[in-house]
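For reference, the structures are reproduced in the following blocks.
Shared chain: chain A. Partners: chain B in the first complex, chain C in the second.
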Partner chain A sequence: MSGRPGRRFGSFLQHTIESLYDATSRVMYAESISRDTGLLQSLDPRVKLAGLLAWILAAALSAKLWVIAAILVLAVFLAGISRLPLALVAPVWVSALTFTGAIAVPAIFLTPGSSLYHVPIVDWNVTRQGLTTAAYLISRVETSATIVLLLVFTTPWTHVLKALRIFRVPIVLVVVLGMSFRYILLLLETASEMFESRQSRTVGKLSGDDQRRLAVSSVGVLITKAYQLSGEVFLAMHSRGFRGEVYVLHEFRMYRRDWTALALFGALAGGAAWAGH
Partner chain B sequence: MHIPDGYLSPTTCAALYGGAAPFWYVALRRIRKALHTRLVPRLSLFSAFCFVIMMFNLPLPGGTTGHAVGVGLAPVVLGPWGAMLSLSIALVIQALFFGDGGITAIGANCFNMAIVGSLVSYGVYRAIAGRSPLVSGRRVVAAGIAGYVAINAAAFCAAIEFGIQPMLYRDAAGAPLYCPYPLSIAVPAMMIGHLTVAGLAELFVSAGVVGFLQRSDLSLLRDASGVPASVTDEEPATAGKVMRPLWVALGALMILTPLGILAGGAAWGEWLASEYADPAARQQIAASSLHQAPPGLPPKGLERLSSVWTAPFAQYAPPYVRSRAFGYLLSAMFGVGLVLLGSLAAGRFLRGRAREEAAGS
Partner chain C sequence: MLFELDGIYYRYQRQTALTDLSLTIAEGTRVALLGANGSGKSTLLRILDGLYFPDSGSVRFRGRELTEQNFADDAFAHEFRRQVGLVFQNPDVQLFNPTVFDEVAFGPLQLRLPRSEVRDRVGEILDRLRITHLKDRIPHRLSGGEKKRVALASVLVLDPAVLLLDEPTSALDPRSQSQLIDLLVDWGGGAKSVITATHDLGDLEDIADRCFVLDGGQLVAEAPPADVLRDADLLRRTNLVHAHRHRHGGEFHSHPHVHGDEV
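Showing the complex of A and B:
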């Protein structure tokens, strides 16, 4: 980080605005791509949710690396035939690898076990158990990240939330999740605009204290806006006849291909859990 | 802090989903009762807010940046139950749609940040803020410390969850199946980052926003959500109704306590000094300790301290009760009764303080 307060301020605002825009654009992109034609896109969201979660669970339960690797290969294959672009999947792999790799690498040396290689100078031992545990961690994280990507980028988010009903999530929570998601987009936009307008009016340098004050007052303004907005939304809902009961439209329908897919997902997850035991 | 998939075993994840579920249930019942038709928009907006503030980067002293989770601020504004739900919903959305935190670990993340974090934060805030007026600087300090302590409590829980993985789950060759680091590494590794960067971010945001709201919108600090500031503020009849399923579950668990007799042997580490001399008990100890033979004589400290206090219900078998099952049941009733008495006394004390505080402000 630069020692010049002015540049620090710029980078702090820039960073916040960028992360807010990244989040918004990711949601928009996921929404647009989830409506494309492809194998997974054509399936009932409940089947995808249950089936893909079963795969994540099978990968988590497995005590054999080849089983986790097989699930990952299957997930990549599914991404391919569902026409998910590599440019979408690759950054997730890189990011998961970078984050988990940084955590997993020390385990190669720190985990006690049979030594495979002695690192001279630092006097560390690479152990078989250390390598295996690092491989477990990385492969599980990559597999789960790929599967979550499959779900999110092939299913409109409103459908994902409605599909949660199969896990007996109370309907009121499903509606709250849906509304929260919608208002996240609104608050992200509001926050971005707040920071952008502040940035456009800033000349000169701000001290660290001033930067913190700015960030904190932005949070304060945002919570006040959220509170006021919740009152307005309530009045709008109330005026349309909302009396506390929640209903969800768009009941899903299962077709033969959905039952087949569910059976396949289940069989593969069951097989993986059995093989990995 | 957001635990991804693959770091915790499915068993740990299931246990933490189980640990979080009663809190979610009670929180939803309480909030629904308090907000009624306002529940959906209020909870949605505050969940969205909790999500968004997790993306705010905060410049910290020393040139680094951090982001707050909102675990210090949310309970101050929403009360502990509202904060629990709002933070949980934000965490679910993060895991499902943004890949921040794992899906299997949603229960763990909610337990650490939304539940433990909210309860600790609210407790610390109430303890420090005391009866001070809403505009008092003491409340700013209280919010800051509450945020700092809460985020560290949540991080500590996560560290424990990480640290027990290699003790419990290994493959046939001895390689840890999940998080590879034991407690001796996981706890310091997690806590150093949270005691410094993440804790400071939470401290600044919590204290700063409470100070900001004191100047701009005091109503949000009074009781913005319409949720009782404390569970004890609710009408006793309402509270009783909400708690009914938990009472039923508690009663059922008490009746089931004699099932404990079915489990053979002593729990690991709970051996009596006399069992070190008993060959059958020694075999059991060795079998449950990876075939590590116990020392020939009981440790001296254990021998000395075990005779200091003789419990009236030793081994859950009061000496004057012949039936072992009935002894178990009686012990359960006695234990639960003691806990309830303690809770009632604490509740009465806190209710009294809350009333005095309300009268003061």
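Showing the complex of A and C:
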């Protein structure tokens, strides 16, 4: 479904589900990218997890915009040399910008400070402090999202979970993360099938009220179905011996390049924290 | 005795799934749990796999009661999972890893087998089920039949002494069904215990030495397959056959009909 004139709520919901399903496909695609032979893919997952989290922390604590921008540029450079396609990264930037923008835009007008521009009709002032606050928020979110992408798209999901356990993240949290991933996939698969099945049984155009009623009931059924299915998935994992701990075929081993990368990540995060202080 | 169930009751909120169920299953036997949809077969399999625990009554595996407390003991849980494997009816719930190879390796890794052995076992079972060509594929994107084979491989790779199967041939084309039955008949040289929940009477005599017939959560019969297949009244009462009405020449006539081969 795409942009037909007069589209109503039901089709909007379906369009959203289909977009999310596309996103799922990108996650699947990411699994194959994470097995490629780019720079980040060749590093030990523990190094990536520790190093990239240190960068996120440095960006979050920095009080200077240029430092956050420098970390973002570095992250984009790393994405490039790790062969992450722009088509995979760009939608995340757009989503992060949209959602953060929705929060940041009011701050441009509401934060008290020196006025830079007066909006005539609504009688609002764009303030320097408001713009700075919005810029910090958006740049931090974009930088953090890009860094998280680097980790998730260059590391198989099970390796991320195992690395989290090595860093003593509680087992419950790791299980919840692992299950959430599968739950989201199931939810989207189920939603997509539900809409296809509904479409095959719908003749003509439904009224707005009917579409809304159908959409609300579909959401309820969908959540129940996905909940049941994810419960079954957990039973299936349990049946094959899963008790919360994550074991993967790949053995984590630190080579010289991993130690070098860890030192570089640490030095850059430390430098950024010092410069941004 | 492999399994001993005594006076099992199990309810899903307001709905009773199993009522006063008692049965025993000996080591090395091949058992079929027969019943129409909703008769309690899948629930019973989950109880046998220690995933559900009965509201009342007891279930014992080789003399040890299956309770939540016993499964809290790592050594017991580990040994039980090594010995008993369940293949779910819906293969989608069994596929949660990024590739088929990872999926099949999941179980042996959880049971902490050495990595080199895991690789060997996975390679071997993929070969045996003729799905080596799928090893790098994403499990969710496979066809129904392929998913079923991967789900089966993910359990057979553990080489369990007891195999629990929930409708193993559903969603398979006739050729794949026949290959699967051959595999199960030969599996473990016939020395393993295989418990199959099914309503398909076609291959009953190939997959089972003994049948338990369930109806509305109750055990209504226990007999060898040949006896069950001969008891037309039992099959009709438990909805395992139905009257099939069709035309011969200019006249309609009806006779009992099963899904699978004719009785």
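Simple rule for what comes next: the second predicted complex is superposed on the first by the 168 of 277 C-alpha atoms of A that agree within 3 Å, B and C clash if a C-alpha of one lies under 4 Å from a C-alpha of the other, contacts with A are read in each partner's own complex, and residues count from 1 in each chain.
Heads up, the rule we're going with is that a residue touches a chain if its C-beta (ideal position, glycine included) is under 8 Å from a C-beta of that chain, and two chains touch if they have at least 3 such contacts.
This one's a predicted model, so the numbers in the text were calculated from it and none came from an experiment.
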### Message
Contacts for A:156 in the overlay, against chain B (first) and chain C (second): which applies, first, second, both or neither?
### Response
second
### Message
Between chain B and chain C, whom does A:229 touch in the aligned arrangement: first, second, both, or neither?
### Response
both
### Task
See if chain A has more residues touched by chain B or by chain C, and give me that chain.
B
### Task
Name the contact category of A:113: first (chain B only), second (chain C only), both, or neither.
first
### Task
Look at A:90 in the shared chain and tell me whether it touches chain B only, chain C only, both, or neither; answer first, second, both or neither.
neither
### Message
Quick check for you: in the superposed arrangement, does A:251 touch first (chain B), second (chain C), both or neither?
### Response
second
### Query
Who does A:242 touch here: chain B (first), chain C (second), both, or neither?
both
### Message
Identify the residues of chain A that lie in both the chain B contact region and the chain C contact region.
### Response
157, 182, 186, 229, 233, 237-238, 242-243
### Query
Okay, in this complex, where on chain B does chain A touch?
4-7, 9-10, 13, 28, 32, 36-49, 51-53, 55-61, 63-65, 68, 73, 77, 89-90, 92-93, 95-99, 102-104, 166, 171-181, 185, 204-205, 208-209, 211-213, 216-217, 220, 224
### Query
For the complex, which residues does chain A have touching chain C?
28, 31, 156-158, 182, 185-186, 189, 229, 232-233, 235-243, 247-249, 251
### Task
Please name which positions on chain A make contact with chain B in the complex.
1, 8, 12, 15-16, 19-20, 23, 26-27, 30, 53, 56-57, 59-61, 63-64, 92, 96, 99-100, 104, 107, 110-111, 113, 128-130, 132-134, 136-137, 140-141, 143-145, 148-149, 151-152, 157, 160, 170, 172-173, 175-177, 179-184, 186-188, 191, 208, 211-213, 215-220, 222-224, 226-227, 229-231, 233-234, 237-238, 242-244, 246
### Message
Applying the document's contact rule, which stretches of chain C touch chain A when the two form their complex?
### Response
46, 49, 51, 74, 77-78, 81-82, 85-86, 88, 90, 92-94, 96-99, 102, 105-107, 109-112, 115, 118-119, 138, 140-141, 154-155, 158
